[in-house]
Amino acid sequence: MWEAELREQVLAANLAIVDAGLVILQFGNVSAFDRDRGVLAIKPSGVPYPALRADDLPLVDVETGAVIEGRLRPSSDTPTHVVLYRAFPSVGGVVHTHSPQAVAWAQARRPIPCFGTTHADHYRGDVPVTRTLSAEEIAGEYETRTGDAIVEAIAAAGGDALETPGVLVACHGPFAWGRDAADAVDHAIALEAVAGMALHTLSLQPTAGPIDAALHVRHFTRKHGAGAYYGQPR
Amino acid sequence: MWEAELREQVLAANLAIVDAGLVILQFGNVSAFDRDRGVLAIKPSGVPYPALRADDLPLVDVETGAVIEGRLRPSSDTPTHVVLYRAFPSVGGVVHTHSPQAVAWAQARRPIPCFGTTHADHYRGDVPVTRTLSAEEIAGEYETRTGDAIVEAIAAAGGDALETPGVLVACHGPFAWGRDAADAVDHAIALEAVAGMALHTLSLQPTAGPIDAALHVRHFTRKHGAGAYYGQPR
Amino acid sequence: MWEAELREQVLAANLAIVDAGLVILQFGNVSAFDRDRGVLAIKPSGVPYPALRADDLPLVDVETGAVIEGRLRPSSDTPTHVVLYRAFPSVGGVVHTHSPQAVAWAQARRPIPCFGTTHADHYRGDVPVTRTLSAEEIAGEYETRTGDAIVEAIAAAGGDALETPGVLVACHGPFAWGRDAADAVDHAIALEAVAGMALHTLSLQPTAGPIDAALHVRHFTRKHGAGAYYGQPR
Amino acid sequence: MWEAELREQVLAANLAIVDAGLVILQFGNVSAFDRDRGVLAIKPSGVPYPALRADDLPLVDVETGAVIEGRLRPSSDTPTHVVLYRAFPSVGGVVHTHSPQAVAWAQARRPIPCFGTTHADHYRGDVPVTRTLSAEEIAGEYETRTGDAIVEAIAAAGGDALETPGVLVACHGPFAWGRDAADAVDHAIALEAVAGMALHTLSLQPTAGPIDAALHVRHFTRKHGAGAYYGQPR
């Protein structure tokens, strides 16, 4: 039963962002995408986390955006997730939270510069911030346009979604992603940590600049790509 | 037994603000109002949360302000709650805390501008701050005058208590409310989160201004009013 | 067995400051004083909290400063506690912690102004900071001189230890006290909360001044003195 | 079985830094060194903490740097640990974390001045920050060069590793150490606490200077050296 497996993966990831302290109330949502079948599972809208059951998770056809199974309405941010899965072939999980330190950067409309190796371990460059949407975009298919703005920001950052596994949606908050839902959760946790470290770095050193490119590249390539030597051989 | 139900609701909400980290020691209190019977239940004054029992919760007549059942003295802030239930017909629960980030804004006597969608999801406008009371008001029925100042602040913010479900009492701390006690607790949690995000936003961007009106309205109306599409149909 | 009761009270209070998040590692210590017998019980020096047993707690004669029972060396801060019990007849419990936000004020050598009612509920005035000690005082009976500096600071604040139930030792950290050890723990928790709120208030409003005297007095006297109406009648 | 004991010690220390809140995800690693046998045990690279078993911990020959037992790849930071054990004869445990407040100072490339007694209890002087590495050093044996930079920083601080039991690696984060792994964990916890206190001290007093030398020496020697009187006699 691939549906049951997909839902269990998404349920576990939704509970993981609560356990990690990224989410309070009903803020936030996680989805995972079965690319072979073209179907995602996502948190239903406005359901309290403690009450979530795997069977509650709606399944959505990513080509049409329609719910194909499930009696509950999917997250209102579903169209954003759909855009990301369509645009990023390497992505299998997406997390959206209102984690407070990443939100602060999003609300300040500032990309996070790479101040250290925690950041360099995860991002090839800055953590980008999206452009603001026009009043027309907001009045129309707002959540889809939000997805488009994320895709634009990743394109401007080089285009590889796994080399920039998260973004700050201006005046809103972070979206992060990964190969699967668990990987996306790790990126959401790392983004909140990086945002907090950067916030305090600027408090200590308001003129802090990014680290040397050599150090940035070294740390990024310790963990990513052909020469990676962090972790265990797969 | 409507009294038992009302008390259980209020007990659960008082414990919830402790669990959510909004309250330490004996700071804070929650009440709920049975509008048909004109009676509220509220935390007794100065009783430690772990020792609270539903039977301990005093019942107060909102018309007279008198305790009608219960051997314990009600919260010293009871007159403030009474004013709010009289003034706001849509409100069935009130929460007062000294949650630290909302208190910081209250002590700075600054309203919280809408810097992002977390705020816009909950408030039609700013989170208002009350005017300071005169020495005469403080010397007299201080808690009642505090309630009056809250009502004035909501009137200035448009007058719909559910569109501005909380306020910062100047030099004191937050009051939040909702349709019932559980809803009021959610608003108290959201207010503390919004206060913290806004604090850090200003640290990153001291000249930050509010978000575009279009984005504010879109998010507010995703969750409130006839066109709301967040959450499940009721 | 008054010794066993005194030790149990002190053990519980030492564990309470860990549970409240005021203490990590072996930072901090709590004592209680049996004034009729002239004996205090205090945490032994450098013993990890999880390993503490009531029988481990040394008993100290407050007149002589000598250990009268117990095989473990008392906290190195014991002479400071002794000075406070001698100077403040109303005090039965003393807490010392390195709770981080109170330490920040102590290290900044700034008294905490009364920015709001959380502060006013606990302190008749500012939270004072002690003068720095001279090199001679530090080289001699350092811990006794620290106690003397605290007593001086309370004298300058009006002299009533229960109206100023804590102090910031310059470049060191907070001491708090109360009628008994549990009351002292409450004051240590409140002091850390007040310190954090004041820190963030200044971040939002660097020129913030203290609240009106009328509001300060009203809140303090709601909880203290003949006209108090907070809490339950005793 | 000295191997089993060494591994158990290292496993417990790796779990302790998670429990202490210093580590999220797979950030951080702890090792311990059996100096008689010339062998260290260390966390394997990229293994989630909840999945760690004592048998998983690789054993590394500190003279050659080679793994002598264990099927898993050791932490990518192992060469840094090796340099420290070679350079510091008194050290038996090393901890590396990305604890957020210490990272902020590392990213700001500022040594932590001694603002108070919490710092003075642990460090004879400042918490040093390493020099940045050259592009050549980064491109080559990066982790070994990181160790060299730490050794240089300790030499500049007086050369006694137990009098300066931690350092901030510029643009990276803290390394701390001690007589054994448990002692190193205590120093990592203390460093994060000291970093946070110092951060908030500067927020309250941007021109804060270090404490008097007399107070610094008194606190350091209360806990260290022949005249120490903190803790229990050994």
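Labels A, B, C and D are assigned to the chains in the order they are written; within every chain, residues are numbered from 1.
Methods note: a residue touches a chain if its C-beta (ideal position, glycine included) is under 8 Å from a C-beta of that chain, and two chains touch if they have at least 3 such contacts.
These figures come from a predicted structure and were not determined experimentally.
With steps allowed only between chains in touch, the distance from chain B over to chain D comes to 2. Set against the C-alpha centre of chain D, every other chain centre is closer than that of B. In the contact between chain A and chain D, the residue numbers used by both copies make up under half of all numbers at that interface.
The geometric centre of chain A is 46 Å away from that of chain C, both derived from CA atoms.
The centroid of the Cα atoms in chain B and the matching centroid in chain C are 32 Å apart. Multi-chain contact residues of chain B, defined as those touching 2 or more other chains: 203. Contact topology of the protein chains: cyclic, one closed ring where each chain has exactly two touching partners. You'll find the chains touch as A-B, A-D, B-C, C-D.
Within the complex, the chain B residues that touch chain A are 20, 115-118, 186, 189-190, 193, 196-198, 200-201, 203-205, 208, 211-212, 214-215, 218, 222, 229-233. By the touch criterion stated above, chain A contacts chain B in their complex at residues 24-27, 44-47, 72-73, 76, 98, 100-101, 103-110, 132-133, 135, 138-139, 142, 171-173, 199, 202-203.
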